[in-house]
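Below you'll find the structures, each written out as structure tokens.
The following pair of complexes shares a single chain, chain A, combined with chain B in the former and chain C in the latter.
And now, the complex of A and B:
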């Protein structure tokens, strides 16, 4: 049902190491950590030692997170409780950073989008951020009517968590907001309520 | 002639600004104001030499919002194809010339936090208008400008007066080189670097920035190449069914124009990509002189930029 062929829909080419970067900062979630393990195996130990990883543990237990961190050595790993904590940690790093830093993001689209958004706030060109999508297809959706954000959207249409309108989730994406746009699906026939399908499992 | 519209201008001022560099001020010949442009833009100047028409791109150095006149700086290049020599020897106050509308292939990045401008010799020219624009919007920038000597460096005093400590000059005759490694080592996130000058300098600067871990998106350069000279050859045109001889001192584009054949172009310096032409076959080797095609495309031999590239061989067949 998502309208395709929309140019703003981001593409994620996959992680690759920048051997010249003075420092590498990687933000990932549990699913994305697998892509980071692969990234580190494609580079040398010196690359890993120049790399700091922020792992957004989300629901994962501390044992699972610790085990993942172990697999990412010798890169330094900071475990954050969730995406907001991970981004706040990233912002603190970027506030102090100079040119020569390379930013990477791996995991769900809301995670990648939030990293790109933090990068833009620090004047980093989005094309220079290396990204790889892993795990859930869940989306952050902005209701174009009330402007409220609905997190972790897996169905289409979806009910806006703020104004209650039934929204068609489009591929129309905002890098500034790190969100897809949701438009009222039944504005002209309010009684009709198309059945939500799990489109972004 | 495609995509650009010619304006008639008159030379209002000629000033020698360094040992081989002259500054020309051009005003509209018809009294209509010239177009505003953006920092980093250039115009193509058409020069009617006795035997042929020469068209060279020159960066605009004046303030982008000044529509009363344009300024260009021209370095006299010995043993070249004659454009710069024509400007130096045949153009004086009152001379009328035709120029294209401004075109910008070297704009500053609007979202940058800071701009580092690196110029070598005559490569200072695009930065003159760029700095006017950056200054007017209060952007953070610094200029690193390498010249052979004070006598050969244009605008050194003017730049220091206008921009003060943001201008860093380096004199080759005093053994000073742009300390690019140090300059690039400690810049805030979101800094962009721009390079204009001789090819070896551009290559060195681009390599230095990459090795310092700067992303490609933050590295910008501009260089206009004059079409190198070579041996004459034949260009066969599939679609028009014509056959044109390209002289040793001519580019393919110039040979086509001399024969009244319309081909696309914009910068005429191998930078913009507008004149990309498909090669049907080539009886010889293509000498790629542009900065546009990728190395893979150059090796592949199925595309040629007709403004600067030529062949060593007998004939090339083009999809024109």
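And now, the complex of A and C:
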């Protein structure tokens, strides 16, 4: 079974400013915020003033998040407690959005995938979303057997957090699900339990 | 032709078998004694009487049992049949293509009466008599793709065409060779073929896509694909791999003839007239090694082909564990005599 080198694996070309966009919406996590700082330095002040940023703070303390927000000025920054809150905020913006909005995502793959998924739900072509991967290589994995999602996966194989099967994490990726595929690793050798390796630190 | 439909199973006690006529018409996929990776697309034109190519949609002695197996799969896992909302026109295209083909080519078993949008469909083997309004899915018990998909052998996916790509945006998939519609729905041609080894580098998919984007209405094409399956199991889905994967470890030199099956997909591709989508049919034929070697040419050829299979392909098809054992068993039927060119029996 092919594990790596699979063409559905997304590529993230990196952030670049769209000077023609009437408004810009950026979703990032703490690691991705560094890419957004670089994006803003490559653009002018007018670009920054047309830009709203949703920062998913995750575990970061409020002081660290506030300090990051300061570095992103003059863009407007909303701090969300974590990825679900950030995406729900994004959905609220996209529900009201009009033509000329450009969407950006920077940070972990689950964050980028969730932003692209929200974009698709609002009929935004995935190739038009500007993305940059920063920070952890952790993945969201869908168990092909029980369909449950396991979040923040860093090891391969990984135990499904729903049905408990030991899953081989493949590079096969679904944009619709924003997840990689996990397939039972020991179906043909039920007694064996290969040791999990940290492959996605 | 009146078919005698067999009462048989594709799970649990696995009573599936082929009649001698069914063996002779099996779409053996190798035209020479070695393996060669090829797109091998040809026009889907009518073939000789009695062959699987005689009609665009092939119905055979396994029809009723296969439809029963599909019903079992869908009851346990409704996600095997899904369509994105923009695919409704294409669903109707598919229903029209299948109903008109089946009624025209198997009038003993199926009839279709069309009076404008008022259609009357009769499926005698399954005991169905349905009047409905074409274009109004509320007049059918299921959406059109699922309705007709539950009455036609073979898996079906429907590809939307846009931005110079094909997108797998609908399908009814219950007899698949280890790929998941639920995971792949919404993907483009390169993405859903992502896990296939070697072919991307060989440019196979780029050429195939270019060809398919230009497929014309009324000029369908077909190709054969193959793998091997342990036991005559139709539902070799990734969803249930944790249940059937273990079967691959049960092959012994004594049971190869009964356990190991060649699984051939007759894949058809049709441009659909209203939606401009492409219907992809994946019609699965199974034959156990014991049945296969009753055709001497195939008994000679299959072990020779299996010996030339690249390891990556054997691994992708899941044959690695039992390939050598199968070759060793088949070798008893290979006297070394030359084989005639072409697919069919001598």
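Basically, the second predicted complex is superposed on the first by the 199 of 201 C-alpha atoms of A that agree within 3 Å, B and C clash if a C-alpha of one lies under 4 Å from a C-alpha of the other, contacts with A are read in each partner's own complex, and residues count from 1 in each chain.
Rule of thumb we're sticking to: contacts are C-beta pairs under 8 Å (C-beta built on N, C-alpha and C of every residue); 3 or more make two chains touch, one makes a residue touch a chain.
Because the structure is predicted, anything quoted here is derived from the model rather than measured.
Engineer: Quick check for you: in the superposed arrangement, does A:6 touch first (chain B), second (chain C), both or neither?
Structural biologist: It touches chain C, and chain B stays clear.
Engineer: In this superposition, which partner touches a larger number of chain A residues, chain B or chain C?
Structural biologist: Tallying touched residues of chain A, the top partner is C.
Engineer: Applying the touch criterion given at the start, work out whether A:189 contacts chain B, chain C, both or neither, answering first, second, both or neither.
Structural biologist: second
Engineer: Check whether A:100 is in contact with chain B, with chain C, with both or with neither, and answer first, second, both or neither.
Structural biologist: So A:100 only meets chain B here.
Engineer: Once the shared chain is lined up, is A:71 touching chain B (first), chain C (second), both, or neither of them?
Structural biologist: It touches nothing on chain B or chain C.
Engineer: Between chain B (first) and chain C (second), which, if any, makes contact with A:122: first, second, both or neither?
Structural biologist: First partner only, chain B.
Engineer: Touch test for A:20: chain B only (first), chain C only (second), both, or neither?
Structural biologist: A:20: touches chain B, not chain C.
Engineer: Which partner chains sit in contact with A:42 here, chain B, chain C, both or neither? Use first/second/both/neither.
Structural biologist: neither
Engineer: Once the two structures are fitted together, what part of chain A is touched by chain B and by chain C alike?
Structural biologist: none
Engineer: Within their complex, state which residues of chain C touch chain A.
Structural biologist: 79, 180, 182-187, 190-197, 200, 238-246, 248-249, 315-316, 318, 321
Engineer: For the complex, which residues does chain A have touching chain B?
Structural biologist: Chain A residues touching chain B: 18, 20-23, 94, 97-102, 120, 122-125, 127-128.
Engineer: Which positions of chain A touch chain C when the two form their complex?
Structural biologist: 1-2, 6-9, 142, 144-145, 147, 165, 170-177, 181, 183-184, 187-190
Engineer: In their shared complex, at which residues does chain B touch chain A?
Structural biologist: 109, 111-113, 184-191, 210-218
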